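Both complexes shown next keep chain A, but they swap its partner, so chain B is in the first and chain C is in the second.
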Partner chain A sequence: MSASTLIAILTAGLTNGAVYALATIGLSLVWGSLGMLNMAHGALLTLGGYAAYTVVTTYGLPAPVGFVGGIAAGALAGAILYGAVVKHLLKQPSETFETNVLIATVGIGIALENTILLVYGGQPFRQPTSMDGLLRIGVTSVPVQDIVIILVSLLMMGVVGWILARTRMGRAIRATAQNREAAQLMGVPIRRVYLQVLMLAGALAGICGVLVSSITQLSPSLGGDPMLKAFIMCVIAGLGNLPGAVASAFGLALIEAFVQFGAGARWGFPVLLLIVILVLIWRPTGLFGRAAIRRL
Partner chain B sequence: MTMSSTPTLMARHRAPYGDLAMALLVIASLVAIPYVVESRYLLGQVILALFYATIASQWNLLFGFAGVFSLAQMAIFGFGGYATAMLCVYFGWNIWPALPVGAVAAVVFSLLIGLACLRLAGVYVALLTLAIAQALYLLIVTDTECFRMVGSACRQFTGGAVGFARFGDFGTRALFRAKWLVGNYAIVSVLFGFTMLCTYGIVKSPIGLAFRALKDNPGYAVARGVNRFQSQLLVFGVSAFFTGLAGGFYAAHFQAISPGILSLSQLLFIIAATVVGGIGTFWGPLVGTVVLMVADEAMRETGEYRTLGLGLIITAAIILMPNGLIGRLGDVVGWARKRFAAKAPSLSATQ
Partner chain C sequence: MPETLALVLTGITSGYAGPAVLTDVSLSVGRGQLITVVGPNGHGKTTLLKTISGLVRLRGGRIDLEGKSIAGLAPDVIAARGVAHVPQGDLLFPQMSVEENLLMGAYAERAKSVIAERLDEVFVRLPKLAERRKQIASTLSGGERRMVGIGRGLMMGGRVLLIDEPSLGLAPLIIEQIYLVIADLKASGRSILLVEENPARVVDLADSIHLLDNGAIVWSGPPAELMARDELLATYLGG
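Up next, the complex of A and B:
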């Protein structure tokens, strides 16, 4: 294997890893603080990508504005998801919440994806919110967009980490994730925290959608693949574990890139799945998960 | 004490009569349908509904009764169908012996999935089974390697994106000629009835109680000596048998099988039917399938809005009636009974 091939594979792995990490963080954050698996996350990704496309193509605004548009659309969709679905499900008995919210968000996801299909049609578009050009590294060159994706993704991880660790809102989110009742008794406005988490996750999905569509194409099923990958990364890392999510996203994306180079593109995902299953047989709580004591 | 416990005891004794009445109603409708329904299209839709109701009843057995949130239901259905079709295509089997073998293949496949997934807790099972189902779908769709030549065309081992076709049928065309669809309808009805009967037996049996105990309170069930992993693996295998069998019948009825049945929207329809009818109720999946099929037919006019409508129906159903139509019916019956019970003593008092 020549150096240029190795660099190409590493770039592909790291770029995909950055995208997967953002998708995984969004899923994991919502699970950690709300105890809900958001099956509509993939559709939120798609929405973000198309929102950026619309802002740039239809309104003729510059690409950074399109990027902001993607973020805003994701956050808004997160807020609507809370107001229209999650708020009402929280009133139902708590033991059925976990599965009911899963089914409800499956419905929302399919409805949202279908709406996008009806509005924009099924033909793929090129994402205008991206950067052209190549960057020379030694003997080979790497697309600038890949570098941008990795940097934006790292920046976003930093922002999420900062929000969670340093702000009042982050403290409230962590308190709710640790113990919902205790947080409520301490005066944390639980419902506002839920709204904030879903908006934050929606914004992350919007960014992720813009990034992933810039290296592939815009299509109504855009979010499906990153969400599926994010699922198995969550399984490996343990849902709700953000550093683990980032580590497993990059690790699995690199493995995927090497497998796709060695055995063909279609074997990437099945091999990942096999690795995940083997890891689970070895460690049923995930690679980074601790055996959680569940109250019954 | 005795007075207050009487109604619940009576209700427990009354329950089988309700199921019996419902079963008679279903059987009567199944017998009447071919005499009433003239159009071939409509009879075809009824057959399709019976397939959906069969799969939904097995997903309900798995999730509604045993609490295993598996999203590999259509993958197991497809596996049964593909196994049946491939036995006919590659080994020249007749469809009838291929059906049970296909079902057993689906059981083996499901047990492998179960071994990998069922040690995990609730939501991780959903994630991993969905990932496995999607991997299977993608592997079949992207299969382009030549396995054999049919005429001048190259065919893949898995059938690729096209799938398999014309590998045999039930033999109803030769037997009933123009009335072959009614023959197929009868066969699928028997499959449906057989599946429902066995499912009822399982749900009411001691092992069915163990499944429900594990769902209602896993900690308590395990403390009372129910082995969670073994029980869930068992229910996984049992539901896979009927699901895989239905898959084989599906392939034989349509004389074709393609990866389309493994897609997410098919799985969604099954989940929607169970949710709308009532998760964890025996008749829920059937009621939900009928309601959704009728709604789907009504939405045919709107064409492309069908999927959108289906998604919204699922979400609305789970928000507005988390126990489904059967649950709502139960609420109404309970309310009426309470009203009746409240009135009855006052009547006797006046006399």
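Up next, the complex of A and C:
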């Protein structure tokens, strides 16, 4: 294997890993703090991608504004998801909540995806919120957009980590995740915490949607593949475990990239699924998971 | 004289789905007093404290904190008004350090200087916690966890402290230490409502004892009097 091939595989793996990691932390954050498997997460990704497209193409604004538009659309959708649906389902006991919110978000995801199909049509678009050009690395060169994706993703993970570890809001989110009743007794308004978590996850989905569409293309089913991969990462890491989710996302994306190079592109996904099956057999709570512990 | 009363419950009825757990319970905690509710397990002691802090829905009656009604408010609002509830089994935040757990107690307080003051006070009263400051709560011993639970309650700086079975699941020697802390809190002038299964532990401490049986108060009076009434102890507490 030549150096340039190795760099190409590593770039592909790390770029995909960055996208998977972003999709995964959004999903994992919501599960960890609400016990909610957000099946509409993929549709929020798609929404963010199209929002950035509209801001740049229809309103003629520069790409960074489009990027902010994608984030804002995701956060807003997260807030609406909370206010219109989740808030009401939370009044139910937790066992029925977990099932009902899963089914409700499946429906919301389908509705949102079809709304996008209705508004924009099914033909794919190029995402204008991206950077062109190649960056020379030693003997080869890699697309600048790939580097941007990796850096933005790392930055966002840093921001999420900082919010959770260092801010009052983050401490309240972790407290609510670890013991909802105790958090209430300490004066934490848990409804506001849930709203904040869904907005944060929505914003992450928006960013992820812009990034993933910049290396593929915009289509109404854009969010499906990253969300599926995010579920795989969550299962392997243990749901709700953020550092584990990030490690799994990069690790598995690299494995996928090497398998695709070595055995052909069609083997990438089956190998990921095989790993999931093996993990579920030997470590049902995930590689980094602990039984029945949600941790944030 | 309502201004000398920290907490007043008047004829409260409450419960979960289904029949009421508590019926027509009235009691009051004067400022600086330690009032104890004793009774067999499963007869509503924990529900009583949870009703005060808003975790269990109040169906009837009044709850007044320093003369103002807190009935029907959300738990986080009640906590911010000054009810510090140290729950049964501690309910710590297991993945947080001792210090982070304590800081969560002061969540409703925004002034950094006040939070630092309270933290210093907790470390003076519970010096063990200062040693364990950076340790993750889930790795502490049972006695240490109880101290974090009480310390977290103190961090809330409440007007009244509710403590639910501080002796639960601890070795006798540790229980003694915990009660020394509680005596120290009473001496510092705090108003405390304490729930306990065994009245013998609070004889020297409580200003008054209420006996809760089957969701209703069946006897109230000074602790020494309860200990002298063998028939009450035998009937309700199996002593």
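Everything that follows uses one rule, which is that the second predicted complex is superposed on the first by the 292 of 296 C-alpha atoms of A that agree within 3 Å, B and C clash if a C-alpha of one lies under 4 Å from a C-alpha of the other, contacts with A are read in each partner's own complex, and residues count from 1 in each chain.
Note that a contact is a pair of C-beta atoms (placed from the backbone, for glycine too) under 8 Å apart; a residue touches a chain by one contact, two chains touch by 3 or more.
All values derive from a computational prediction rather than experimental measurement.
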Overlaying on chain A: chain B and chain C, fit or clash?
fit
For A:Q178, decide between first (touching chain B), second (touching chain C), both and neither.
second
With both complexes superposed on chain A, which partner does A:L239 reach: first (chain B), second (chain C), both or neither?
first
Check the residue A:I103 against both partner chains and state whether it touches chain B (first), chain C (second), both, or neither.
first
Applying the document's definition of touch, where does A:L198 land relative to chain B and chain C: first, second, both, or neither?
neither
May I ask you to decide whether A:R168 touches chain B, chain C, both, or neither, giving the answer as first, second, both or neither?
second
I'd like to know which partner A:I190 touches here: chain B for first, chain C for second, both or neither.
second
Comparison of chain B and chain C by chain A residues contacted
B
Quick one: the Cα-centre angle at chain A between chain B and chain C, nearest 10 degrees, please.
90
Quick one: minimum Cα-Cα distance, chain B versus chain C, in the superposed arrangement, integer Å.
15
Check chain A for residues that touch chain B in one structure and chain C in the other, and list them.
296
Provide the residue numbers of chain A that touch chain B in the complex, in ascending order.
31, 37, 85, 88-89, 92, 96, 98-100, 102-112, 114-115, 117-118, 224, 228, 231-232, 234-235, 239, 265-266, 269-270, 273, 276-277, 280-281, 284, 294, 296
Chain A - residues contacting chain C, complex
168, 171-172, 174-175, 178-179, 181-190, 293, 295-296
Please give the residue numbers of chain C that touch chain A in the complex, ascending.
53-55, 74-76, 79-80, 85, 87, 91-96, 100, 103-105, 107-108, 152, 156
Provide the residue numbers of chain B that touch chain A in the complex, in ascending order.
63, 69, 116, 119-124, 126-128, 130-132, 134-135, 138-139, 142-143, 217-220, 264-265, 268, 271-272, 275, 304-305, 307-308, 310-316, 318-319, 322
